[in-house]
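One structure, pasted below without further comment.
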Amino acid sequence: MTTTATGAAAYAPDRGETGLQEQRARAAFWFLAPMLLMLFFVAAWPLLRSIWFSFTDTTLNNLYGGEWAGFQNYLTWRELPSGRIRWGGTLADPAWWNAVYNTVRFAVISVGLETLFGLLIALMLNAEFKGRGIVRAAILIPWAIPTIVSARMWGWMLNDQFGIINHMLLSVGLIDSPIAWTARADTAMIAVIVVDVWKTTPFMALLILAGLQMIPRDMYESARIDGIHPVRVFFRVTLPLLKPAIMVAVIFRLLDALRIFDLIYVLTPNSSATKTMSIVARENMIDFNRFAYGSAQSTLLFAIIFLFVTLYIWLGRVDLTGEGRR
Amino acid sequence: MLHITKAAALRSSALAAAVAVVGSAAAAQGVTITYVSGAVGAAVENFDRLVAPWEERTGNDVVLVPMPASTTDQFGQYRLWLAAQNGDIDLYQTDVIWAPQLAEHFVDLTEAAAGIVDQHFPSIVESQTVNGRLVALPIFTDAPALYYRTDLLEKHGAEVPTTWAELTETAQRIQDAERAEGNSEIWGFVWQGNAYEGLTCNALEWIKSFGGGQIVEPDGTISVNNPQAVEALELAASWVGTISPEGVLAYQEEEARGVWQTGNAVFMRNWPYAYLLGNGEDSAVRGLFDVAPLPVGEGEGATSAATLGGWNVAVSRYGRNQEVALDLALYLASEEAQKQRAINEGNLPTIMSLYEDPEVLEANPYFERWQEVFLNAVPRPSAPTQNAYNQVSSLFWSAVHDVLSGNQSAADALEVLEADLEDLKGDGWQ
Amino acid sequence: MTARAIFWNTMFYIAVAIVVVVAVFPFYYAVLTSFKTGTAIFRVTYLPDFGNLNWGNYQSVLSGRNFPRSVANSVFIATVTVIAALLLAVTASYALSRVRFRGRGLLLMTILAVSMFPQIAVLAGLFELINFLGLYNTPWALILSYTIFTLPFTVWVLTTFMRDLPVEIEEAAIVDGASPWVIITKVFMPLLWPALVTTGLLAFIGAWNEFLFALTFTITETQRTVPVAIALLSGASQQEIPWGPIMAASVIVTVPLIVLVLVFQRKIVAGLTAGGVKG
């Protein structure tokens, strides 16, 4: 053991320590193996099977009898006797593109609003004031409520005949007749977004708050002494320093929003104005007896999310692993 | 597709023979049969009462797995469970439209039911026969009615409407008058406008009653895009926000019944089950309503149209106690059970003789008139469209829902729908 | 204080009040509704009527059908899922945080990527796997499938946590020639408890709330978890949708979670920040 082997011992192979290092690496392999095996079985293998199904004509009733069908579930075309070309497959399916549009619209709007409100609430919680603990506890409540339960609660509050939202709006005079929030095509998406923003803003606020608290106080102090306006301080100092925290929070939320299923399944089932990619894929797989077609859609969803993340990390230079911190 | 193996065929016919020979005595084994069914109204309590005699007689237990009332939601789950070949469910209560799509998972009941099928209406038995196999036994049939408030009609001097135009006019007039008197919660007409199978039923009735065909004709032709259908949908769209609450676009049967039964609607389109519930002890409309056939449309071929509904019981091929399950299925389809169902739940029997039964008629005086209604009821195009039916129905209800919510004109929606259906059909339904 | 400061102070507290009311109101209203039965449900009220609390909905939910069974299922499934995930994650995180080997960054990213899988993308394959193993309609089907999001998450958070522990604590043990296994159990475990509680709690909440897998892989009422039971709750009432019992059931399953979250507030915030994952 050399005297220099203090901090480096655990991390870097030092000359003369290769034996120990090898032993550690071997142990590391055996420590990782069970987890990797498990992830292979519950994640990699099912994903590969789903992708495989998407290239076959498998049906739900005959999982093992599917035959290779190439890209038929994705895109196919055929010339009709009249010479007209008829396109088929998911990529030519308006229902799919409608779902893509709904999903992206939902993800962008809800995550945008959540970030904005989350930032405001985080700034509020970062200030010293009486009752801060109570406020922090209160905003954790929406986050703790299961999605299905919040969908049910809001479904009840948004009920057209007996819902309290309509009651409030009516008594304030904002509307003159009850609105069927979850039923109307033009308000169904608003209802879904409202519930999602309500439920997930706390998560955003907490993540951003953690970022805020890492900003050294003396920074504000010196800005104050220099007499810089607080708004300027916010845009020049706070926001740039917060950017990494916000970027990470946004990516996680976006991923979650892009695969949304349960909230919509319970709050606005079957409404084509809110059908998302997950909903449509499940519908095809199960309700419509187009298992392979639905698999193709879920594969596309996976591909879209994958692309999205890669782009985001690359463009935003987001450091997700935290390796860069040391 | 699964093919019925010879062994399985042998097994099921041997089983049928065994049941036929030994009758229900063979079932005295003390086993638990699991029965899955959508639950509306008081279905859970009523089901316990319904199977009690059978449980007592055979010494077996029946467990009900209640599902949401929406047939669309049920179907997806059932398809999944059957595809998993899961043995935890012995009997499935199946919608009249499911037979072609789920046939391969159910035991052929032809032989087991040989002695009793003659008691049932032949058309209903036929709807549950797929490629010569009887896949489910009918336990009740359904044809919707126009529920109307006798007291309100009398008060405002109105006749029971026979055409949709009359209904629209009467509903509006009574609604306005009642509201003017301070009854602010009242609506003219409630029905099922949620985007689900029930909207397909409602809209099929409007279109058929205007002489606009039945979406896809029995020979497989797509007929939905025609002027009469456009007219029918335009009329229905005009109800939303006038005589019907906007929320009707999210109503299924139970929501409509909720408004009706609290006394807040003049007219309601619903299935017969709402009749006895509406006359229940805590109902605000008890004794204040009656039923009539659905109104007639206008134009050539106009008629009163009711969508054929109805539920059946099917024996899962994967169940662990198929003999006992079969015995229970036969009981549920029997005259005894159907009579009890008719009296307790107001379901229409599929056994012809029950329409002359005094007790049944006492509980549901209108049944006498109803036999004709459901015998002329319009079937949904589940037979011609086969495995694609769910998609056809989903496309149809989505288009109609779009029209009702004012996003599209009826003419545009139906034109697009026709094209979508043609794409789906391809070279032919399969 | 100047008038200006008082004005801004007031505005600030008004904003605070709005945030609190919006956050709490839906739950408050669910509690309010859960104490009403019959036609009282359809009358909108803003304040509780303490003289007239009606426990009927709670009684019917807790005594009727299989709701208590669903709660038990959820507790069992979430607990086993969490224990399994923690067991697998502790050793793996040690390897990922304290041992340098080639491809570690890539492996970490891959594990993180798994937690981003859309559930629907693995649904078909999982359905086949669970069917093949004969687990359909058993709690094990859900325990197995929940691993897909609990395991990457716990590995991730524990790795971050362990990496931040000072190197010195390990050194003495290495000098003494202790094997990695001894290091984990004797040196790290005692320090890890706070992190284990946090991640365990978050994983528990995740498993407790999951819906799609639970809907797909269960059949009978006795196997349903709480979210499925609530989503499918219908029927046992004479009057349209049983809003009263639904709200009562919602309150029953939410109160323990809220209590947990409030008690472990600080730990949860720390865990969320480390994992950046929504529970």
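We just call them A, B and C in the order they show up, numbering each chain from 1.
We adopt the following convention: a residue touches a chain if its C-beta (ideal position, glycine included) is under 8 Å from a C-beta of that chain, and two chains touch if they have at least 3 such contacts.
All figures in this text were calculated on a predicted structure; none of them were measured in a lab.
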Remotest chain, chain C as reference, centres from CA atoms: B
Between A-C and B-C, the pair joined by more C-beta contacts: A-C
Whole-Å separation of chain centres (CA-atom averages), chain B against chain C: 39
Whole-Å gap separating chain A and chain C, where each centre is the average of the chain's CA atoms: 16
Multi-partner residues of chain C (each touching 2 or more other chains): 42, 131, 231
Per-residue overlap in chain B, given as positions that touch at least 2 other chains: 80
Chain A residues counted as touching two or more neighbouring chains: 63, 161, 282
Residues on chain A engaged by chain B in the complex (per definition of touch): 59-63, 86, 88, 94, 159-161, 177-180, 182-186, 269-272, 282-283, 286-290
Contact footprint of chain A on chain C as seen in their complex: 12-13, 15-16, 19-20, 22-24, 26-27, 29-30, 33, 41-42, 44, 46, 88-89, 91-92, 94-96, 98-101, 105, 107-109, 111-114, 116-126, 128-129, 131, 144-145, 147-148, 151-152, 155, 160, 163, 167-168, 170-171, 174-175, 179-181, 184, 205, 208-209, 211-212, 226-227, 230-231, 243, 246-247, 250, 253-254, 257-258, 260-262, 265, 268-269, 272-273, 276-279
Of chain A, residues touching chain C in the complex: 1, 6-7, 9-13, 20, 23-25, 27-29, 31-32, 34-36, 38-39, 41-50, 53, 63, 121, 124, 127, 129, 131, 134-150, 152-154, 156-157, 161-162, 164, 167, 198, 200, 202-203, 206-207, 209-210, 248-249, 252-253, 255-256, 258-259, 261-262, 265-266, 277-278, 281-282, 285, 291, 294-295, 298-299, 301-302, 305-306, 309, 320-323, 326
Residues on chain C engaged by chain B in the complex (per definition of touch): 38-39, 42, 65, 127, 131, 136-137, 215-216, 219-221, 231-232, 234-241
Contacting residues of chain B [partner chain A, same complex]: 1-2, 70, 72-73, 75-76, 79-80, 82-83, 101, 104-105, 185, 193-196, 241, 245-251, 259, 387, 390-391, 394, 397-398, 401-402, 405, 407, 420, 423
